[in-house]
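The same chain A turns up in both complexes below, where it pairs with chain B and then with chain C.
Now for the complex of A and B:
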């Protein structure tokens, strides 16, 4: 490992890369050390995805390892006949609302942690960290009782609330790291110029928080999209199913129809994998920012 | 007036969080403690009532599955976290190097992190089912790995590794990027080779990140129900039953809330005890 290891993703420049590359070419150990393990790991990651795609795209009964000719019959089956159109809509509703609530509340809480020294601040931090030790599976019974008494069983609202609550603690810690990274002096300058604190925040800080908002928002969306147990427990009517619940029934009931299973898997994977591919570098950066401050 | 208003600002800002955590995390924990002392079964409401410590007596002295699930939970958490740490650290070191296509490589190797436990089940069922899987290309005889008590454990471990290693790699990569480059240059000037630099520069700096990642992941793997619930359902013959999976099955399938709450309390106590013990032993955040 050498000095260029430390070049950060966000500050990497083309010139740095080209300047160092000739030296690297002469290093034969690099193939053994870097490319072979990376290739093996890529295979481990991608073969399962590929296998799912093969099953989703090739006609039923085919055993070709290459999906040709491509067919969308399995997607039509899951989308129209099994009801993935409804599950998908429900998952989007829950995911987007939970994303919005999580992000807004996390910005508020993160701002309080980053900018104020108030009594109870440490206690608040400790409580946030402690919540990380509360297993969701263990909360199924009491949360079910609460939502039942609120009349929210079989309602997507129960999922939005539960997912927001479980997303919040880590989101606040991450967000406070991002807010701390914006110098307070820029806010002071805005206030000297006559802005209220809120206007100063909205006009000056919020635009600089874009990476933080993306990291926290995508994190919340992915977690909510994937949550299975809450949706399984709080929703039992098929027209309120989310994607993971629908998929679990596809696994159980259609275990002979691997095409439908795989197509359902592709529908479940596509949104989160796309979101993740785009925001992956913000996540890594966000965790380092949060870890440094936290 | 204005100072009082200004003092109130941070409290106003955290009030939604405090309200949500109080209502949906703190209060439920209290109610679990209460339910655990009750007979409470949604399918048999006429038998509900105060139970005293009866649920705990049943759990500790009559329920073999409880003890069996504890043993499997420990095995599951230790094996998963250990392997994920080793592979995740290796992966983080690899994708921290500079090479062409690094951004794409990172997106690809990290992508299973974004996939749900249920989807992981869907994918690995395709891979493990004898008639459809890839194992036939590796010369594996036709055998249902998930139905066989001898092979089911490695099978679920590999499936969870597929999804779990990226989390470690992401956290450790973030830690690696926080190590100042001058330290490596100084070590290189002093004649330290690659291995020495790793042992004396990289590892000490990653210490806190490793402790935090293993702890978070330990809790998470303890709590990981989705994959086992859908992939094995705790089977075959309760071979892969973890305590939280047992709780979830009690809650979802048999609706026995009283006994499920007693199991939950046991889970809390064990998790809390292990977490504190681990933080103490690793002297997290302290000077080395």
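Now for the complex of A and C:
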């Protein structure tokens, strides 16, 4: 392509852009097509959250649709009386360790699947996918027996291990897709320059995996954070339960404390919302990249 | 170098993770016996048990009780997993609704011998003891009763001045108190837990005294029960909110809390929620209206109590704890806090209970010789699934007019009859 053609092409693009912009402003259909559906969808999504905040912040017995006067009594109830202070700490410990283990092991497993051709590789991938169809409840008793024989019942380690194991199949598959997207020739070039394979991976490939690491890490954290079943079944100590167990305390056999339930929901949702807010940029890119390359 | 760093980091992670928890037996070496107690409705009752445990430990310094609150929604699954894994507690909160399931797995220790020698012998309500014994095939006492409940209709005193005595009066009141567009005379439980409530209402209306006739056939589809269900389903959308079709108890209680509903059928357990929403003076309760000839029939609620598990290594301490929990003072304290009927007969006469109108009514109703108590077949292993997953969606169809009351009750009756026959065959009955 000659320089002249390139200049002409740029000129066309720019002029096309300048032609489109005023047209957008004048398009009355845009409001109908874009903003109204988006606004409705946003309202549909946010109304339940609004109600959660209303219940959490208004006094018990109030039926006002606006939380006024604001009270923090429900937060005090869940934090002090129900024991969220301890449950929150436990959830953070389990979530963070599970995130770290899942990410580290998924990088190693994903690298092997992406870079090595070995017998049974495809079968292994299929088996990994198949594990996604096994519900956690089915594995409860076998895992319980294993943890009991290892002395890990009533320990947060049992939750970290179980959650990591259940996070790994999808994480390895995703990570393998990310690593495949980085050309092997780049690693080879590093090795030609004197790097070992590990150093080449750490110096050249790993920095390019940032969206993948964030996608896998956030999936692992959120899945672990929300896991109720394992948290209740592998632990029988009051000070070792996690947030989802604490949340279910607010609904009793014959009564329900909606204020505490909503306040507990806010506390439980806050870290997940924060994680999404920070990583959503990488997450969307990460999911799509992992989905199409493998 | 980086390989070493990565390896060291993983090792640190592994060591740190395994050190995250702490195992039980913290009192080893101090000469104390530690027993574990699982509360089958952890959460709102936790502070009550914490207080009782404090009192127990003060009276028994050599025993330490470790409290674990299990959410009510998952308690059966938790027990099943613990039994399968051989890691049961020493003492557990258990109700008759899943007692048969636990005894079927040989998980519990019978309490008969212990009770015969205990200081609470003769102090526990006979009706509750009988109800527990009827739940299991061998007729033993695997659960020491702590409390029971009773179905009542809660109402707002400013809307309904006189509680109805008969079902005809009840249907009349539901209609009169409905003021469109958004005030309703009644709310129907159409979602989770609907079947138990409709059973209680039907038997109260028909006055039938047994769930099965002599041949083992269910009485659920008796013409009087069908007649009642037709009337009750007729209230839906006419005198109740349309959303009732998915009402579970939290939604029903929340609706009642808005003040737009005049009457609501639930049990004594939701008293504190109503007081919180409306204030003590505005709330009233009446037992389900009388049936034919003015006779009152009530369907027995599950009995809630304590069981000692077979795997316990400290059975003596476990029984001691159970004895403490059902003693006069503890049982009175527990039931005063929860607003339920004490199992200890001395506690039933305490002044706090006489001061609570709804509880006094309930105790009087239960102790009235004219009251007929119908015991649901909690002993059937399928009773829970039949009255929940199998038939709750069908009841919603009845409300929506997609199934007739007769078809619904025939289906329910057939399932119960089959389960009864199977149970009799299995137990040689």
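One rule holds for everything that comes next: the second predicted complex is superposed on the first by the 251 of 294 C-alpha atoms of A that agree within 3 Å, B and C clash if a C-alpha of one lies under 4 Å from a C-alpha of the other, contacts with A are read in each partner's own complex, and residues count from 1 in each chain.
Definition applied: a residue touches a chain if its C-beta (ideal position, glycine included) is under 8 Å from a C-beta of that chain, and two chains touch if they have at least 3 such contacts.
Just so it is clear, the structure is predicted and the values come from calculations on it, not from any experiment.
*Asks:* Judging by the criteria at the top, classify the pair chain B and chain C on chain A as clash or fit.
*Replies:* The answer is clash.
*Asks:* Regarding the shared-chain residue A:258, is it in contact with chain B (first), chain C (second), both, or neither?
*Replies:* Both partners.
*Asks:* Figure out whether A:280 sits in contact with chain B (first) or chain C (second), or with both, or with neither.
*Replies:* A:280 sits against chain B, while chain C stays out of touch.
*Asks:* Once chain A of both complexes is superposed, is A:68 in touch with chain B (first), chain C (second), both, or neither?
*Replies:* Neither chain B nor chain C is touched by A:68.
*Asks:* Applying the document's definition of touch, where does A:151 land relative to chain B and chain C: first, second, both, or neither?
*Replies:* After superposition on chain A, A:151 lies in contact with chain C alone.
*Asks:* After superposition on the shared chain, which partner residues are touched by A:232: those of chain B (first), chain C (second), both, or neither?
*Replies:* Both partners.
*Asks:* Which of the two partners, first being chain B and second being chain C, lies in contact with A:184: first, second, both, or neither?
*Replies:* In the superposed model, A:184 contacts neither chain B nor chain C.
*Asks:* Name the contact category of A:162: first (chain B only), second (chain C only), both, or neither.
*Replies:* first
*Asks:* Per the overlay, which chain contacts more chain A residues, chain B or chain C?
*Replies:* The partner making contact with more of chain A's residues is B.
*Asks:* Now for A:141: first (chain B), second (chain C), both, or neither, which partner does it touch?
*Replies:* In the superposition, A:141 contacts both chain B and chain C.
*Asks:* Who does A:248 touch here: chain B (first), chain C (second), both, or neither?
*Replies:* Both: A:248 reaches chain B and chain C.
*Asks:* Based on the A-chain superposition described above, do chain B and chain C contact any of the same residues on chain A, and if so which?
*Replies:* 140-141, 144-145, 161, 228, 232-233, 248, 250-251, 255, 258
*Asks:* Can you list the residues on chain B that touch chain A in the complex?
*Replies:* Of all residues in chain B, those touching chain A are 7, 9-11, 13-14, 16-18, 20-21, 23-25, 27-29, 31-32, 35, 87, 90-91, 93-100, 103, 105-119, 121-127, 129, 132, 134, 162, 170-171, 173-181, 184-185, 188, 194, 197-198, 202, 209, 212, 216, 219, 222-223, 225-226, 229-230, 244-245, 247-248, 251-252, 257, 260-261, 264, 267-268, 271-272, 275.
*Asks:* Contact residues on chain A for chain C in the complex?
*Replies:* 60-61, 63, 81-82, 93-94, 97, 100-101, 104, 140-141, 144-145, 148, 151-158, 160-161, 198-199, 202, 228, 232-233, 235-238, 240, 245, 248-258
*Asks:* Which bits of chain A are touching chain B when the two form their complex?
*Replies:* That would be residues 1-9, 12, 17, 20, 24, 34-35, 37-38, 41-42, 44-49, 51-52, 55, 105, 108-109, 111-113, 116, 118, 120-121, 124, 127, 131-146, 161-162, 164-165, 168-169, 172, 197, 222, 225-229, 232-233, 244, 247-248, 250-251, 255, 258, 261-262, 264-265, 268-269, 272-273, 275-277, 280-281, 283-285, 287-288, 291-292 of chain A.
*Asks:* Any idea which chain C residues touch chain A in the complex?
*Replies:* It comes out as residues 2-3, 10, 13, 16-24, 36, 38, 41-47, 66-74, 77-78, 81-82, 84-87, 89, 149, 249-250, 253-254, 257-259, 266-270, 272-273, 276-278.
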